[in-house]
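In what follows, chain A forms one complex with chain B and a second complex with chain C.
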Partner chain A sequence: MDWGYFAIRGSRCWPQKHPSGPNVQRTMPLLTQQIQDDDDQYSLVASLDNVRNLSTILKAIHFREHATCFATKNGIKVTVENAKCVQANAFIQAGIFQEFKVQEESVTFRINLTVLLDCLSIFGSSPMPGTLTALRMCYQGDGYPLMLFLEEGGVVTVCKINTQEPEETLDFDFCSTNVINKIILQSEGLREAFSELDMTSEVLQITMSPDKPYFRLSTFGNAGSSHLDYPKDSDLMEAFHCNQTQVNRYKISLLKPSTKALVLSCKVSIRTDNRGFLSLQYMIRNEDGQICFVEYYCCPDEEVPESESSI
Partner chain B sequence: MGAEPAGAVRGKGPRARRPRRAGQCWPWFGRRGSMKCLVTGSNVKVLGKAVHSLSRIGDELYLEPLEDGLSLRTVNSSRSAYACFLFAPLFFQQYQATTPGQDLLRCKILMKSFLSVFRSLVMLEKTVEKCCISLNGQSSRLVVQLHCKFGVRKTHNLSFQDCESLQAVFDPALCPHVLRAPARVLGEAVLPFPPALAEVTLGIGRGCRVILRSYHEEDADSTVRAMVTEVCLGEEDFQQLQAQEGAAITFCLKEFRGLLSFAESANLNLCIHFDAPGRPAIFTVKDSLLDGHFVLATLSETDSYSQDLGSLERHRPVPQLQAHSTPHPDDFANDDIDSYMIAMETTIGNEGSRALPSISLSPGPQPPQSPGSPSEEEDEAEPSTVPGTPPPKKVGAEGEGGGGGGGGEGSRLQNSLVPSSSARCSSAPSWPP
Partner chain C sequence: MKFRGKIVDGACLNHFTRISNMIAKLAKTCTLRISPDKLNFILCDKLANGGVSMWCELEQENFFSEFQMEGFSAENNEIYLELTSENLSRALKTAQNARALKIKLTNKHFPCLTVSVELFSMSSSTRIATHDIPIKVIPRKLWKDLQEPMVPDPDVSIYLPVLKTMKSVVEKMKNISSHLVVEANRDGELNLKIETELVCVTTHFKDLGNPPLASESTSQDRNPEHMAEVHIDIRKLLQFLAGQQVNPTKALCMHRICHSGKKTLLLRVETNETYKVRILESLSIRWHHMAESSLFTMGPTWMRINQCL
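Moving on to the complex of A and B:
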């Protein structure tokens, strides 16, 4: 479908459909009706009453310009990577959308996430209470742009974002059977710790152990070292399954962006596998009370020297 | 001139007395003890606030456990501002200055690293239950441990640098002028000043009114000088006001604000001890558990303040060039001896001795001016134009039509002289850009 064609059709039809003026139409009758007939040509169609349910989750992984989107009938997974060491995935399951259709087995494309987020918040990122921006998202297939129809108060904005060929994403091969240690924490316990991380430290050292100190975050900065200890019987600790003492270091610059997800989340699951790979899973409750997940994987830094691991 | 205190940067006039470094580097030999103290409850936030206000002054923090309490001190890089807090042993749940029979310790740490421990005051208030500070001479480590809610424990191992004792030499009792007021009153009084303002002049006007006025350098760019802010406090706002009319000092606002914010949060009274311009001013807060001293350099220039308290118009800075050719009473107020000499010559040559009696380089009381009528000095300034020089700026005339300088000033004067019982602020445009 041609952008110009749609825009003209939309603007011409709108006054007749809504003679009473700009009522807030959560379901975009105009758009739905008119696109319905053309739905077949799209490999992906998704619509959402509240665009913030999508944009908030995407912001949580927005630490690089580009993202890869995978859509299956279960939902959309958006992946962002950096330095071949860290990967963030946002899962927006089909149930979040009011309408979600995928024609093929899977639909994959790469997109400029910054532009996508700008478009999604084109009516403002902090809307007036009571007003919702509705979204309809269509993608025709390889080589076609991603079309966004955003509507708020009867005003429709049409955005067309060019897509790119998908790049291969990293496979961290993080398998739950290889998980050695796992902790589930209430996010409020980590939030402040992450926002106050001593960024003069190159690494964040994570200690997980069945014995003291149980769960420890350490930094080694210009000012000296800091340790943050969480006892396993803390009220913040939802689950504590540590089988063996592991001390791993992760580049602080790679982990810091996960603060965005942490801030939004209510719970976080911290897991390490036998190779010291780290998985951070954030449980995020959206404005409608639905649960979404954002996941960060990170490779460990070089081996921890024996002498330092005990500091 | 930014954040630098005035006394240190200026090249004119006698310097304010600087805090002195007593003692030299103190290497860690001999018996090394260990210090330990425990702060609990709301005192953690008080300690945090104190660190925040110290961080407005210096880059290094001198931490010295003494028998009579824990002292935290700092001095700024130009040594024109010094601050010290002493927390009495009772402030702590547990206080041990050193292991019995051992020497007292002291250490110097980067302010930034100590501040980072107490960075979030909200966090200190909401989640921190107790704070344990220990200093071990053996390991050369300063350990600050925060015990937070949910059993979370934060341990900061801070490395410290060489150690020396820091002691400023000052005695509030020697200052002739003393003001004491609740910190809240003074905090509200400095609120109207722009955040970027470097210095403020504090003076005693007629009727024991205390006046705070924004201070601008003679050579400050015109946009900065475009507005003068003046706040006037009545005698009744002060618990103690023992100061001579005409006394005035100019000091850095940033440091003062730091102490104020501490004193306000602790709901304390603030005492200001001061002397002649150029002599350090001492700001103190005190309660049964702590006391704090801030010693700030003051500008040695008298400015026009002492002559013209309460009259905003008189304070107008006069461009330097004109100052040399056109004698104006204001010019004599600055302590730049060269311009003073030149001004004297021109004055004597053109105006005879008329202008001389009004020259006053030292602060002193001035006869009150009646509101609404042009002052005596105004009369003298007007005819003192030297032929061939630009006409003197009509003080008070800008923004009110050129000709009616005197009348305009009169009304403005009235405006700024209205007796006020509580803090009152008047902002007026000054030199047009």
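Moving on to the complex of A and C:
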């Protein structure tokens, strides 16, 4: 199985084939019909029958206050960065939305993600069964606020969130041709390991190798070191393509936020390239069975001392 | 002064417990007023910038199977006590599934409200848990501060939406802003609105219905679509919403009153007729003057939505 690879910029950031689930045609909420005619003035218009299909994915990358949104006709990419070392991208394909229109080549803006999430979940994070919150999202262009129209059971909430000029996002230049090692795991295999990471350790060391120990997670904390090995033929291992032994360390504080995405995901692809950069791709199935991706890039910590790299 | 009461009905006990829980959530200390036919829980928080006051009334005969009291004097046949509301709710915690509950005014070195809970047991012997809640008897001369608040004619009176929905909306708004604008009109529309530099959020409720006006004196010529508005502290509104454990029936209403330059939001909860519980809470409001034209600065799209609501 091969997932489409995402590059950071441009149209290549979308998978070749949209792995979308059943696209159920629903009746359009009252709200969306009313404002249909005003569409022309907006550079971005998107409607969703179930707002949670968007808010859940955004929660998975919510580890910093601000995010950059980047929309093309293929969908929306939302990027969050920290310390110039880690970047998280959430991809919401156009197919997830019931309506998705982008008037320009691309639309980019920066927004307060905390406020956006509060607005998206204004009717509660865990709605009563059988009730869906519909969303219509409009953006006119630079300097204009992002408008959200949310409707649940006849109650309408209008949000006007101010946007900022986009800041340049990091280019990790993570190219699939430079990938040395790649593992696809069922997320449950990694979930416990990540939620119980020894946070007294400054780093998480990831070993990927064609030979034993194949795939190892190590921490070096106050209470001693711990190693967690995954055998190559484990049931959790969906794919194992390791060409060369790599031992890299990543700041645990930077990787820990990815647990949010891990918890939601069903599968995770772990890749490292020739520079030791790490890419974690999480496959997330939403309530309608459609698939979205969240991706974390992280640069490696300092060089691993020689003595520890030879296992 | 004497007081003793007994509750034996399970449903009454349960309801009484829930009311005491709700009061504990709303007020740290409260006044309990005992009169021959009523029990009142009273909270008077008189702060300059808007406090919460509460008037909760229970018809004695809807709760108690036995009720005896002897007040301050024959002319003033009432008792006023001050107690820590959490103590009462904690004492009643065990009473939710009890066989009977007795409440008695006692003097054990200091004045107490003694709550005895008779618990079910498998054997023939019964178990009784007794709590002595220290109280302060409020002297006659201070009673005048604890009288039922006057409720002047409201500008607008409207039924509230489902409290669960309203609570989740207000909760999220609290994350963004500390103040909230409540708008309502006589056409059954209620808006909750916050505005900060970063974001402006408005939730529109419609078709809520307005309770019939009590008196003819209020300005009948008022345009039904005209919005009356108050600015309130979100935390206080949330405290009210979070405290609701009484499962109020539909009869909820809210008044907003212009009273000596200050605006007041009155939230009133009424449960079904069997219990005749009436809770009345008012939030005195810091009143910021706001030009009415500024309500419609959201542009044509918003206007159109507002019309379709």
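We adopt the following convention: the second predicted complex is superposed on the first by the 279 of 311 C-alpha atoms of A that agree within 3 Å, B and C clash if a C-alpha of one lies under 4 Å from a C-alpha of the other, contacts with A are read in each partner's own complex, and residues count from 1 in each chain.
Here is the rule we use: contacts are C-beta pairs under 8 Å (C-beta built on N, C-alpha and C of every residue); 3 or more make two chains touch, one makes a residue touch a chain.
Remember, it's a predicted structure, so these values are computed and weren't measured experimentally.
Q: Regarding the shared-chain residue A:P231, is it in contact with chain B (first), chain C (second), both, or neither?
A: first
Q: Contact-wise, after the overlay, does A:F149 reach chain B, chain C, both or neither (first, second, both, neither)?
A: In the superposed model, A:F149 contacts chain C only, not chain B.
Q: Once the shared chain is lined up, is A:N112 touching chain B (first), chain C (second), both, or neither of them?
A: The answer is second: A:N112 touches chain C but not chain B.
Q: After the superposition on A, what does A:E287 contact: first (chain B), second (chain C), both or neither?
A: In the superposition, A:E287 contacts neither chain B nor chain C.
Q: In the overlay, answer first, second, both or neither for which of chain B and chain C A:D173 touches.
A: It touches nothing on chain B or chain C.
Q: Of chain B and chain C, which one contacts the greater number of residues in chain A?
A: Touching more residues of chain A than the other partner does is C.
Q: Is A:K160 touching the first partner chain B, the second partner chain C, both, or neither of them?
A: Once the two structures are laid over each other on A, A:K160 reaches chain C alone.
Q: Touch test for A:F123: chain B only (first), chain C only (second), both, or neither?
A: After superposing on A, A:F123 lies in contact with chain C but is clear of chain B.
Q: Determine, under the contact definition given at the top, whether A:D40 touches first (chain B), second (chain C), both, or neither.
A: After superposing on A, A:D40 lies clear of both chain B and chain C.
Q: Please name which positions on chain A make contact with chain C in the complex.
A: Residues 30-31, 34-35, 38, 112, 114-115, 118-119, 121-124, 128, 138, 145, 147, 149, 152-162 of chain A touch chain C in their complex.
Q: Looking at the complex, which residues from chain B come into contact with chain A?
A: Residue list for chain B touching chain A: 110, 112-113, 116, 119-120, 123, 127, 141, 150-159.
Q: Once bound in the complex, which stretches of chain A touch chain B?
A: So the residues of chain A touching chain B come out as 189, 192, 196, 198, 222-231, 233-236.
Q: If you look only at chain C, which of its residues touch chain A in the complex?
A: Per the stated touch rule, the residues are 161, 164-165, 168-169, 172-173, 175-176, 197-207, 298, 300-302, 304-305, 308-309.
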